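Report on the structure given below.
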Amino acid sequence: MIQIFTTGGTIDKVYHDANSEFEVGHSTLPELLSESNIHEGYRLRELLRKDSLEMDDTDRELVVGAVAECDCSRIVITHGTDTMAETAAALAKVTGKTIVLTGAMQPARMRRTDAVFNIGFAWASVQLLPHGVYIAMNGEVFEAGSARKNLKAQKFERV
Amino acid sequence: MIQIFTTGGTIDKVYHDANSEFEVGHSTLPELLSESNIHEGYRLRELLRKDSLEMDDTDRELVVGAVAECDCSRIVITHGTDTMAETAAALAKVTGKTIVLTGAMQPARMRRTDAVFNIGFAWASVQLLPHGVYIAMNGEVFEAGSARKNLKAQKFERV
Amino acid sequence: MIQIFTTGGTIDKVYHDANSEFEVGHSTLPELLSESNIHEGYRLRELLRKDSLEMDDTDRELVVGAVAECDCSRIVITHGTDTMAETAAALAKVTGKTIVLTGAMQPARMRRTDAVFNIGFAWASVQLLPHGVYIAMNGEVFEAGSARKNLKAQKFERV
Amino acid sequence: MIQIFTTGGTIDKVYHDANSEFEVGHSTLPELLSESNIHEGYRLRELLRKDSLEMDDTDRELVVGAVAECDCSRIVITHGTDTMAETAAALAKVTGKTIVLTGAMQPARMRRTDAVFNIGFAWASVQLLPHGVYIAMNGEVFEAGSARKNLKAQKFERV
């Protein structure tokens, strides 16, 4: 069993014409997993629906609490990329679990997006990695504390 | 020969992760027309790359001038929906041409969008309608002056 | 009110892994029209679900009969491209209606397809054309009897 | 460095209107990886372009030979699903490498496909698994010899 927690971020953004802006919408993961022939073996719970730049300490504690209390030992967290490394650091105190954070540079609802690949990548990572906290982005696995977002290159890189 | 003028609007929006916002990008029309087996018989010129709420009188005069000077009598204009009706009104003084404004409620780069249908719809409209200025949206043709955007319904409707 | 009749063809093809082949599936038109903000003002009826090379005289009479009996005067028919011209010819005896046949070279379920543009194009054509039978493909309107499919160019062209 | 070998299969199928059939086309992997922000760190070589039901012993030896001679120790093979298990078995004699076979039930060129997720999944698997031969499908990793395709369920399952 894999537990998915969603927190928002670019991956779940929708375009609202009403205000000519994006907003974080509901997660497309169930639809995306279903298209990939995955219909069971996971649970999904929405924790937040925020751009990760807007996440504060209280939000982060909410995420850490949910992960700590979860009875699954394999956890995927979808998260905005801007503060993904901070949340990974905050999760370091949770032990006995494999925790994989992923997200996207382009919304899953775009015709061209890294979201689907990243979810597939995280799905294998959470099953194969030993206990610990990881960031799974752009086809690479980073241990918590060893990655930062390179805004210009639109990639995560090793610190 | 059909002349396309692009001015920006939702139809051409891209998502920029760098600032977590949608911005107006280059037009996807040539790619979209090519996918629809249309490789010739048109010219495309970018006039503006603006959200239509940001268009001012000078911008509108630029559009009117380009349309008036154009040697094609069949003209499609892609335009943001919020002030499409204003630009249509400003174009009313141009005579001897069939001018069709269209756009989209969801960017053409989204997986689900009205952009492709709307371009197909405008493509027939500009060939079949008599001279005049028209808005072609949500499967309906409106004469300039007879349409307004219903923000809540996400549709154009008759005044 | 626009009446849509579906008969099958490439536009509705799905890929069946079980036999490593495509088959004609149910029409995606309601979903596609909904994405284009068209939720009413039309009726849809499936007449056939065939590759148009497999349509015989009986099938063609079924289509002609349904069109003749229909109480709508604006009719869109989705149809395979290989014998679209034959069905258009068979429909010539129906009078007092605007009948537009369209289809696609690539299935509507493909990431890159001409289907959505063609439906938008047909949607305007059926509203703007005088009574008669037409083929609406690759951004052009052809009167019945004046078009043939150019298999190599993947386009319809004038006879 | 990851070596990708493509052999064909559903994942690479294109729709050819000319003969109303799907055929195996060139691989979309470079485009797909680029959309997922992966521009380097891999090499790709096309070995075959076949439906896997058409692969014979000679084809299989070609694949085994290419894998054995390859100087990369991490290898992803895209392959048709019908005989993926047979090729995995044939590869068992290659030692000292992590070899991951993947593919898709729906072509990568479809709007809805498992291809992108599967490639992401294989991409993590090939980096994290010990030496051996594996099938990575529907979000699960199977060791060679322990998986078979369930045609009806459209999934791989444990023997």
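A, B, C and D label the chains in the order they appear, each numbered from 1.
Please note the rule applied: a residue touches a chain if its C-beta (ideal position, glycine included) is under 8 Å from a C-beta of that chain, and two chains touch if they have at least 3 such contacts.
Computed from a predicted structure; not experimentally measured.
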item: Inter-chain centre distance, chain A versus chain B - centres from mean C-alpha coordinates, in Å; value: 37
item: Approximate Å spacing (C-alpha centroids) for the pair chain B, chain D; value: 43
item: Averaged-CA centre spacing for the pair chain D and chain A, given as whole angstrom; value: 26
item: For chain D, residues contacting two or more additional chains; value: 105-106, 111-112, 154
item: Category of the chain touch graph - line, ring, star, complete, other; value: ring
item: Interchain pairs in contact, sorted by label; value: A-B, A-D, B-C, C-D
item: Parts of chain A lying in touch with chain B, wherever the complex brings them together; value: 10, 13, 15, 17-18, 20-22, 51, 53, 81-82, 105-107, 109-112, 151-152, 154
item: In the complex with chain D, residue positions of chain A that touch it; value: 32-33, 35-38, 41, 105-106, 112-114, 116-125, 127-129, 136-139, 141, 154-155
